[in-house]
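Same chain, two partners: chain A is paired with chain B first, then with chain C.
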Partner chain A sequence: MNAFIPIFSPKNFIKNEVKLFLIFLLFLLTIQINSQTKTIQVCTTCDVKTIKKAITLANDRDTIFVKKGIYKETKIYINKGIHLIGEDFPVIDAENKTDSVFAIKADNFSISGFKIKNVGMSYTKEIAGIFVSHSNNFVIKNNRMENVFYGFILQRTKYGLLSNNKIIGEFKTEATSGNGFHLWKCENMRIEKNIVSGMRDGIYLEFVTNSHISNNTSANNIRYGLHFMFSHKNEYHHNEFKKNGAGVAVMFSKFIKMHHNTFHYNWGTASYGLLLKEINDAEIVDNIFEQNTIGINIDGCNRINYKNNHFIRNGWALKFTGGCYTNIFEYNNFMHNAFDLSYNSRLNDNKFEANYWSEYNGYDIDKNGIGDIAHRPVKLFSYVVNKTPETLVLLRSLFVDIINFSEKVSPVFTPNNLKDNKPLMKPINPL
Partner chain B sequence: MLKILKYSIFDLLRSRWSYVYFFFYLSLGFVLLFLNSDINKAIITLMNIIIVLTPLIGTIFGVMYYYNSKEFTELLLAQPIKRSKIFMGQYLGIALSLTLSLFIGLGIPFVFYGLFKSAAIFDFSLLILVGIFLNFIFVALAYNIALSTENKIKGFGYAILMWLFLAVIYDGFFMISLILFNAYPLDKFSLVATMFNPIDLSRILILLKLDISALLGYTGAVFKDFFGTAIGFIFSILILFLWVFIPVLRMKFKLKMKDF
Partner chain C sequence: MKRKLPLFFFTLLFTIISCKVEPKKINYGKDHCLNCDMTVVDKSHVAQYVTKKGKAFMFDAVECLIKTLLKENNEDQMAFILVADYGNPDNLVDAKTASFLISKKIKSPMGANLSAFSSIETAKKAQSMHGGKLYTWSELKIKLSEQ
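Entry: the complex of A and B
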């Protein structure tokens, strides 16, 4: 071969092409040799019978396939970027030992397709089905957990995806059960399409930022369906929170977006659909609150926009406790709640405008869809109940209707400026 | 007694007011179910109406019937029939005919809209049961008032006042006392206070069955612990029985003394 042939000579073009291709192949080959990933099979009849053994044999980027079977292992440490794949849900039975099943401290790994069960309970240690710390860029998906103390514990992790996992806990007391997803000091996480039930908190986040929690179902948990504290700039959407002991609690966080979530049937003496405490600058849009004792309990929250939410058949749709300033409620539906609004002070700095109130009985002469007289959502009875909760036994009594009516005609006790000046005549986007 | 009972029932069934009452409930049931086909919601609305209206209608009917049929009653008294039988017959006649209007008037639309397939059948039957009790209680109370008051206008006045007291004023005092004695544990007090008013008792009974008790907080838990159990339920039904029984007893006592 002549090395001095001009590259762009049309005569030698094809030859040149082949040469380039050969060089490229050679290049690829060297990469292959350097990285030589392998796969390791684990099963009860294979050479490698335990997952632990497979991990010691594996290097970065290797894949371990675990076949169907029961593996009685705990303390499986992973410190390499490997891919662990369970086929037909191999069962890892921790036999109620007080150790985590997987303990991971690695980047670029993935775990999928396992069924983890019987992780023991401890009052002093944090024990989880999968315990991840100081890790980046990982995927944990399609796992199932039953009877575990904690489902997932993640500490100081970044860029992780947790999806399609299913955690079914057994009803225990609050002290003896752990959380489904427990995240602490994480960034840029995605928690998607998971199902959690029967745990203490379904999803618990503390110091977690820039994360997305979406399409999860969190139901029948002893305490909160979702519980987050000091977690800023997160987004929660399309989740379902159902029948949790105390609903969903969001505390001490800024710049949160919550949209398209459903909070329903959180019904009990201490239940909320959503508990907001010290939340600033949030967006709460397009959510459904149905049949909760308290739809949203708002405590010391400022600059929150509530828009297009549906409040249907709650005990209280909104309950204000503590000072709340410059919140805006627009285009929400308040339908058939025992109390639409409970307000604890006589000052009002929040704006209620253009909502639909099923209790509104004004008229609309000019037919523009906006009621001609303002609606006062705070009833005298809800004021009285706020002062003396025992009076609630008089709910739906004729006497209560009469005093509510008289207060409506001439407000004395309820904030004078707390009213919706443009109440809508028809509900917005009825369900 | 059966003869007089039969007579007064037929007399009332012929009267226009029974039909008006019957058609009122019938149309109410249909309209409620037509407006929201959710039976559960209809039952809540219906409760509000039954709690207020059944006592009012019972009271007015009772007083009205007594004064209207006074002359005929005096004629009957001349016959060799026991006094208590005459008045018991009349009392049961009114109460039964009102109950019939309520039962059939509400029953038809609800059956029509698929009550038997719905889980609400228990709530509905409780509602009807409470309605029946309220009928019997308030007709008895009205008869007591009418027997003790010769003057028609006064009798009407007292009867309406009695209704107003039990339906509205009582709750006012109840609320004020709850607010005033806020610092004391009031759950037992409110439990007892509801017992002393059949309207409150019925309201609480239904409200708790409609699972609104979660709203009631701590007091609600006390109520739920009491009324929610089988014993509590039986006890409160017993109290409602007493509310029928005591006025009827007083009626009998009064009859023995009364000079017609």
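Entry: the complex of A and C
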């Protein structure tokens, strides 16, 4: 019995701890020796004059600093986990060659601080400023691109961060420009604080899941500011989409969260703030739709919650064009739109409750903030316009007011149950 | 007779202009796909059909065209069914004589990885480069109707 006691005595315990600590130190030291990394400088007067050369010299975890200057290189292959840092935005000029500038297939790499320009276009090849495939855990930030065919193409990548990049396209024709960010079959990506303009689609996602798109500005793109195809369980928030050819399109996707985005100034005959096509189980919360031809074009979407959105001065705030079921619209502001709602069928399975409608002209005698009579947001004239768009010139005529009023009193064409039973007297969270 | 001749020509001209059933030029970036409503931009994958009455509809991808034809079952009412010749942009060819390639290496706008070629030789060349399987128009319709 006595023999066991010393082992657990405090003195021995401390000895053990010291031993453990020493072993730990030794362990750290071996790591230190193993992780001896080097840095390589690239500049026009250095030993290493090209980025390609620097990459052949580098090993995993090495850092390459590229000094200011003009580097005329394309097809820079990276297959190592290196860190490539540009100082004062060195320019990589592709001289309109039809090859990607960076082609990367590596894990744990980073690229930052480059300016890439003049990447040539092709009808059959996908050519980008930075082309990444089959890569995990990487960071691409603070890069600038000008006059590139595609900005970034990412294929089959996971856990990547793309932030603070700026892509300025040259506003060429629709068919000859590529997308700013083109993601295909990616997972767990983060696209943050980027600026894209003058490209075909600002951000394009196809078969991308579990990704976050936030704080980006996508403006003046020829087609869509943001385009989702078959991409489930993603979230995009705090983005600004402005003056894009056709707004933002979210298509054939499930479980998408869209919140705190601004969609504005998307004007044109076939333009909208947001196009939803076959979207199920989504959340659309706290967004601002201002001055779009159509705020949201809703086609075949089910089980979507619309809450706390602002629809301000749009042609149509909401336009339903396909069968849409069990959507809930509550606590939204509909202010000064030519049409708050356009509907294509006589059936209604969507719930409109407790929204603010600037067109509501009922009263609130009991002063509880809720209008005492229900509001019917669908105007008969919107049906007429749907059938013959040219009639739009009559919008402000007396005749149109009369038919709208008569329909409001006794609904014949509009769904009878499409009404807001608790219209609010004051807007929600005014801007 | 001499007085009537200009009138005759005028009427003839008018009938020719108004009744011509022909493919329409695609307005890239403005035209919308009939099936999926996307803006048509991809010159290598566009498609178009023109009804016998002369009305033209655009598609952003060949798969959209076929899906619409299968859904509406209206192939016999078409005067033209045209698909883009891959790699030869702005050149639309008759779908019935074209060859089609489904290859994972060539992505098409609506996810079917489908491209059309004007001749079997160019299609075979693309197949040897990118892999995949070749289809004729009728085989392709069967393949897409199965999905």
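We adopt the following convention: the second predicted complex is superposed on the first by the 405 of 431 C-alpha atoms of A that agree within 3 Å, B and C clash if a C-alpha of one lies under 4 Å from a C-alpha of the other, contacts with A are read in each partner's own complex, and residues count from 1 in each chain.
Simple rule for what comes next: a contact is a pair of C-beta atoms (placed from the backbone, for glycine too) under 8 Å apart; a residue touches a chain by one contact, two chains touch by 3 or more.
Note that this is a predicted model, so its numbers are computed, not measured.
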Chain C versus chain B on the shared chain A, clash or fit after superposition: fit
First (chain B), second (chain C), both or neither touched by A:Arg223: second
Which of chain B and chain C A:His336 touches, first, second, both or neither: first
Chain B versus chain C as contact partner of A:Met251, first or second or both or neither: second
First, second, both or neither for A:Thr124, with chain B first and chain C second: second
Distance of closest approach, chain C and chain B, by C-alpha atoms in Å: 12
Overlap of the chain B and chain C footprints on chain A, listed as residue numbers: none
Residue numbers on chain A that touch chain C, as the complex places them: 123-124, 173-175, 184, 200, 206-207, 222-224, 229-230, 245-246, 249, 251, 270, 275, 277, 299
Contact set on chain A toward chain B in their complex: 267-269, 271, 293, 315-316, 336, 338, 384, 387-400, 402
Contacting residues of chain B [partner chain A, same complex]: 41, 47-48, 51-52, 167-172, 174-175, 178-179, 182, 186-187, 190, 194, 200, 203-204, 207, 211-212, 214-221, 223
Chain A contact footprint on chain C (complex, rising order): 28-30, 32, 36-39, 41-44, 86-87, 89, 106-107, 110-111
